[in-house]
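There are two complexes below, and they share chain A, which is joined by chain B in the first and by chain C in the second.
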Partner chain A sequence: MKVAEKTKFIQPGTLIGKRIPKMDAPEKASGKTRYIHDIDLPGQLYGKILRSERVHARIKHIDTAAAKALPGVHAVITAADIVDQRPIGVAKDHLPLKTDKVRSLRDEVAAVAAESEQIALAALRLIKVEYEDLPILTDPAEAIKPGATLIHPEPRQPGGQDALKPSGPVAFTGKPDNIAMRFDYCHGDVVQAEAESDAVVEDTFKLHYVTHCCMGVSGMIADFDSSGNLLMYSNTQVPFLHKREFAEYLNMDPGRIRIIQPAIGGGFGSKLDIYPFEVICVFLARAAKRPVKLVFTREEEFISSPTRQPVLLTLRSGCKRDGSLTFRTVHTLHDNGAYTSWGATTPFVMMQTFSSLYRVPNCDYHTVAVYTNNPYAGSFRGYGNLQATFAVEAHMDKLAEAIGMDTLEFRLKNAQEQGEVSGQGMEFDSCGFKECLTTAAERSDFRRKFAENVKNRNAPGAIKRGVGIASMLHVGGGAKIYPSDGCGTILKLDDFGQVTLITGASEIGQGSETVLSQLVCEELGLPMSALTVVNNDTAITPWDVGVHASRTTFIAGNSALGAARLAKAKVLAAAARKFECPAEELDLRGGYVIKAASGEALIDLPRLMRNLHFSDKAELVMTTFYYEPPSSYQDKRYKGNVSAAYAWASQVVEVEVDTETGIVKMTKITAAHDVGRVLNRLGIEGQIEGGIVMGQGYALTESLIIENGVMRNPSFRDYKLVTAPEIPEIDISFIETMDGEGPQGAKGVGEAPAICVAAATANAIYNATGVRICGLPFTPERVYRALHGKGEKLYLAPEKAA
Partner chain B sequence: MTEIEQYVAPSSLEQAAEYLQRSGEVTILAGGTDLMPQSQGGRLKIKRTLMNIQHIPELKGIAIDGGAIRIGALATITEIMQSELIKKHLPILIEACDHFASDQIRNAATLGGNVCNASPAGDMLVPLLVLDAEVELASKPDGGLTRRRLPLSEFFVGPGKTRRAPSELLAGLRIGLPGAHHYARFFKFGTRPALDIATISIGIAGTLNNGALSSARVAFGAVAPVPMRAPRTEQALEARRLDAATIEAVAGVARDEVTPIDDVRASAWYRKELIHNITKRMLDHVAQA
Partner chain C sequence: MSLKHDIEFKLNGVSRCASVRVDMSALDMLRDVAGLTGTKYGCGEGECGACTILVDGLSLNSCLMFAVDCHGRDVVTIEGLAADAKADALRAAFVEHGAVQCGYCTPGMVMQASHLLATHPDADAEAIKRGIEGNLCRCTGYTKIVEAIASVSRTGKPGARS
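Let's turn to the complex of A and B:
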């Protein structure tokens, strides 16, 4: 006897804004995640790189005979062995294995593949390199002077005359000067504006070297199959760009290159470029005809990873007595290091902050990036914005003080609003900037504390309290800098109602697979457990430009949503046929097809999927979608709406400054972020807390100490990350502006939280002590010196002085 | 990397002393928290024989022994921190342990290792100096195990260098039981509250009566080639009433007495400033005690 099933009604619910644990958390917390270190291929060899012992020198001779003779060594390579080497990097000025010269201490001179790491290391010690030292150039201000030692000189004849200039990239043709890149931007007329200003201030700021400190160090495995196809296990953040570029460097058909990403132990921008070690690992695999694994030691990670861009920056700003900003003029000198990576291109982002964070009718921006023998700078969360914001927000305080205006009022008066188009052509379709400012200020009781602290500056006692505010603007809807800023998705529903989300977007620890799954589940009315994500294999996943520019939730989210909507339409159409009703009356919820009006369950999804599949007109539900944001390329003058949405934030930092030791203790950070909409509350809180702590490290403790081209502190003992007891109380408010283009209204926030911490801290120290410190980080000694009139003298960025 | 030819793990002090007597080519391994990073970093070459001393019972334990507290060379920082004896009689050592590295390191790091490593910044050394600690050295020169004692203040001769002979093993440290009104405090200045090497450190001790310290002991870390006692500062402090002028004067003497260097952690100038300002702060506390 068949019992009639009870009619079931499914209650509406949503996943959006809920606290969803990261899908990879159980594996990571239990130590089961397989990182590159955990992967071993049969027959695999271990690669090690011999790096330069000199900062700048001619390579006279390399003797690898003894290394080659060591039992267990399968390949020893130098530039001489790789006849077809091509330069890598943004400016094509960097050969993976150095030919005639080393230009910095990290430079790769030779490499070994051996049966164990120990043997490979022993072999490195057997390689003898003869150097002839060249003059060392480590001061960027010296590097731009005429007559300076050239880092990439044009080749010369033995007689000294100019050689016939070879054609091709910088690595082969050299350069007549040390200038790697220049950026010049302007809107309005700063000269006229200055004449009309009531207050003008100028300062030079010095932003230092820091590095990413990913817990997972760099590494890869290269493996050629017997048909010559190359498989790379790689930690890259940009697998699809990598594939094309590797093909170029290796002179291979890109179709024969496949990249699989194991779990990545952090990226933060460090894995956005191709580095010599990656190309060398492939060379070794090719030479040894065996898979080769090359993983950095921690010291190597410090010494040979790119850094955040160090910058010397002179800013001149003005305003009227009524508090309206009149102009900004910026000159920066970027220390490029010996080779060009993404660091040199940070002006793309820096100029946005100068031109568009606040409404400024006239803006002039100039950068020169110069070669030196220092470590080279790459991309790093915030991409120049920490440096720019540090300067801009110092001047917001200074100008307000100069005209006697409340510092918050001054900011509110100049803050961008929804609907505005900035001087640089950025269109702010959603903008919660003012709300960020007022929320952060109110929740921290900023105004009262600010006034009280100024009054107490000269009160007795060594400890002074300070409060400072700073804000930031960053792309939050991708950044159109490549032929496409898009992402593809393939969505597959199986016979059991399980969904496989195949996305081009990589997971580098930021929680993207969780948030993408959430968007799909929301659309298909499924629990998170119904989702499997495939996101790490270029042979399977559709194209994506990569993890950068805080773009994944926005771009890959919209792409996943697009695919899910197509799948939903297909499922509902099938259900409509089955139940003979219009599809519009149906919906998906709780794993069922329901009547939208009543919530009555009609059929569970697995059953419907099987009905569709195992029928005469067998059908699978598999959809694809490619999302391209409606942003535009900048024109030649760097103007244009480069992102489909913009993120805003204001942060208030509270400090206690011990004037007898210089110790700055952060006691509280109140952050208000315009995130469009909160998708995964747990994820976004983690992202913002983590970013704030990274910003705290930039502000207070982290510094790569480079002296004469030598890194003095390549270890966690002397490179000081913030530890748990130093992390202040963090109060986060989310401003939900529901961006019209964002997935469910969300905008990107990946980089945002790290950007204005240092700027707000500088303002807080000033509020506490009346002393403005223009160099970072605020280590006890730097602060103590500044408080006792022994601060660093900062000179104008030379271009400006000239 | 070193080619270690022999690994030994003696189970008695006598055996260990015998290995040392037989060959100068022995590296002693206790917790390994200095030895490992130093040999990995190429700053130290492990000798032909590596001798693990962790199985020697005579080197363990914390006990009262003839009016003194004896801390075995193998006592770990964690053991010291948890010892009721130390809490009761030598709380200044707890203060030092509390700023020492991380839990993981504290579980492995030994007091003997800290003393024999003889870093000017070794955290236990400054408090031990102001407690008038003695080192107990064991060796087996002519068939019999002998021990000698040496004041810790005479033990250090340079960075990483001590008066321990290659044939000697540090067996333990002895600290006289402090009398009534004993006062002893330690301050470590690092750039962050946890996991840091001292930029400077200060120990102050003595018998506190009517706001003055007698038998005053002052020691400084990370401001000279060795962790140093500061006799001139002690003299300036001895039995003086700690009014503001005296405190300022003592702090001034302290600043002049230290001879720090510039390194990645701080400049010599800043270290001197810290010695002055923090000595002053600590003496303010003494005055209020």
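Let's turn to the complex of A and C:
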């Protein structure tokens, strides 16, 4: 035996909680990352879509002859050319290419594939469409009235449609009214509770249209091979659901569809559904027998992307003199737009906030989502929770004031605690809510500032300072909203000690691949540089339900951790055989197999891996999954523990209100988030800062102006995103509750930071001025009018029918 | 379909010729003719800054410039910054400070920051915020971008916050 090299001891260390730069950042900062816009296939054609430019009209005739005759045009398609079209979307009420009618300005009427974008655009201009205008319905309050114009009438009704009927197994034959969806939830007895309340308040809130504004516009490439297999380069956040749904729409075996996701220029929930442009791109590729790339312009992105759900919401709340909440009654009217996407299902999340953010013994919740000729609403970071939290937190302030209680004390008295089960059946195994409240309040000196601002309301000077607090509850351990929730992982260890993590979880910029790599490297005692991630090809990666519901760190993290543990056990078992000692006495650290007790390095991982090369006992590819987290599907009454963990946060917003101009300046946000545990401090700070500024835009500047179904501001010039000079000072605290089921104790955080900014801002404006504004955004005009007694009329209460 | 025009200009330090449509933007020329895709299309009307390039040392939105106007000029894109040591430090700062999320605005942001530091090497946080006012980012909330730029500014404090 050779003389051993000098004995080496490896010091313990951890990657958890460290500031780890994103693995994809160097490429992105050098401009080398390839987004969908940067990819071109040989022989590729360019697709363009002709949209209706009418808000509601019957299509009488489409003439495509001139477009087809234009040199360089390979395909022109309308609904008449696609006999096997099927309706898409959450309610299957949306044909990609419209047949008999257009129902909103964005509607797709025809599409072209040509040799250049210029030729495709020229061809669109040559398509002649004859319309017959129909009555326009854009007010959701009108839409629910009997006799209202029907957006999707049944065939037997006047103006009834027959278009969606013959399209195969998934048919949509219209609706007898404009009601797209209803949600009715209740626990306890609100009538009895109101009778027993000492204070009762009611307000109607109007939440507006905003949209995602991903910096990378939507796009895709569709390519059929010679055997008819379909390859899509897609920006979807849900590749595996996409694959299955595309198979259904195209009447194909899902096994013949492959999705590659290039780097995605922002998601935020916008890429959770299948949209007409994607199906149309596939139709064009099929018709032209060439790859087709279809990329939006920014204006098109504004006009045809889904929005956040606009909501008219009436909330009635009560409490007792001792500060305990007694009941909440909620009626909301959702403008669904002309078609149904995920926006219609936001009540799933909204009702959680009403029923369970604070302990409410009695809660009644009703939503009606109605069809109109407006843009349709999709899913957007926070998923209804921004709207619900806006209303709930306004009433927390109002009730506290009504009974003369300190507003923070009132919240603390009603805040959920660890171990509680909410009226809706949510089980809070880890819950740092009270600590979030006290931390945010103490770090911002909330109590002192709150009292001082009230005192200074009538002091001279136009500028009034305000401070407001709001909190939020959101799923943080997956969400059982699809029929299943899970993620698969394949982990490959190679002869050089390098590890490849093949995960179903998509990276959309949020940093998931870095966090997943950290979890694996932590377990295997490896530096981050030892890891390569593959996460963008359905032909390679295992199944995952997609990036949504703040679930990736929790679900994909647990899956990656499971694979790493399998790998570690294999490696240690092999090392134990080699060194003739129990595996329990060994560990992995710093790229070595070590003696756990002393840290003494026994062999470096690459050498051990080469020893194992193709040996009987070696299995260097681990496959595992994290499937069905310990949560449950809600029952028909929407009760059940829908997530395996819940995220909590409190944010204190400080503002300066210029009472002479109505300008609201956000000066500081103090945020305290229960994240379970910080895995990547750099990444989680980035998520929270970005979410807060997105919330700031929702509160102050962003608004899609829709007049009679026409979008008036489809550009960054007129749709105001927050810019760098406007951001507030941000102070972030992490409350680490070490969730028992979370990977290394972590919970989801992606959506949380955007949720309570607007609610806290409304409370801050009230604190500054004594005026409560129930509509968003807080533009100078809206604030000025409210302060000078020229506020908007009280909003009409939504329908209170059961 | 449209008239073409031959231009000659310097792209990232190398002289080159191109035949471009007269209605083509500098952005499309860079991406589709020169094949440099680091410069991004975000809005096409000069509102987002994703397509920021340097022309004769000035930062501008390439979507608002005609390709033919590049004739005789010195054009630098994100790909060209690779040769610049100061820009290396800036790119590294973007990475280390977590200033990159989806990354789509990043090349334009790095270009604008490099121009800002070239013209205002002492820029403090407030000046940096004003300097990148024309560059939109939807992911980061700008805080880490400002920190990254400040860390390589002469008055900045290098290294992450504690």
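By our rule, the second predicted complex is superposed on the first by the 766 of 802 C-alpha atoms of A that agree within 3 Å, B and C clash if a C-alpha of one lies under 4 Å from a C-alpha of the other, contacts with A are read in each partner's own complex, and residues count from 1 in each chain.
Assume a contact is a pair of C-beta atoms (placed from the backbone, for glycine too) under 8 Å apart; a residue touches a chain by one contact, two chains touch by 3 or more.
Remember, predicted model here, so these are calculated numbers, not experimental data.
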Partner chain in contact with A:S733 - chain B first, chain C second, else both or neither: neither
Touched partner set for A:P725, first chain B, second chain C, both or neither: both
When both partners are placed on the shared chain, which of chain B and chain C touches more of chain A: C
Touched partner set for A:G511, first chain B, second chain C, both or neither: second
First (chain B), second (chain C), both or neither touched by A:E660: first
Partner chain(s) touched by A:K22 [first = chain B, second = chain C, both, neither]: second
First (chain B), second (chain C), both or neither touched by A:I119: second
First, second, both or neither for A:Q498, with chain B first and chain C second: neither
Contacts of A:R717 with chain B and chain C, given as first, second, both or neither: both
Residues of chain A contacting chain B in one complex and chain C in the other: 118, 122, 717, 722-725
In the complex, chain C residues that touch chain A: 1-2, 31, 36-45, 47-48, 50, 77-79, 82, 91, 94-107, 110, 126, 128-130, 132-146, 160
Residue numbers on chain A that touch chain B, as the complex places them: 118, 121-122, 462, 660-663, 701, 705, 712-713, 717-718, 720, 722-726, 779-781, 784-785, 788, 790
In the complex with chain A, residue positions of chain B that touch it: 1, 189, 191-197, 199, 264-267, 269-270, 273-274, 277-278, 281
Residues of chain A that touch chain C when the two form their complex: 19, 21-22, 24-35, 37-38, 118-119, 122, 212-217, 263-268, 297-298, 508-511, 682-683, 685-686, 689-694, 715-717, 721-725, 727, 730
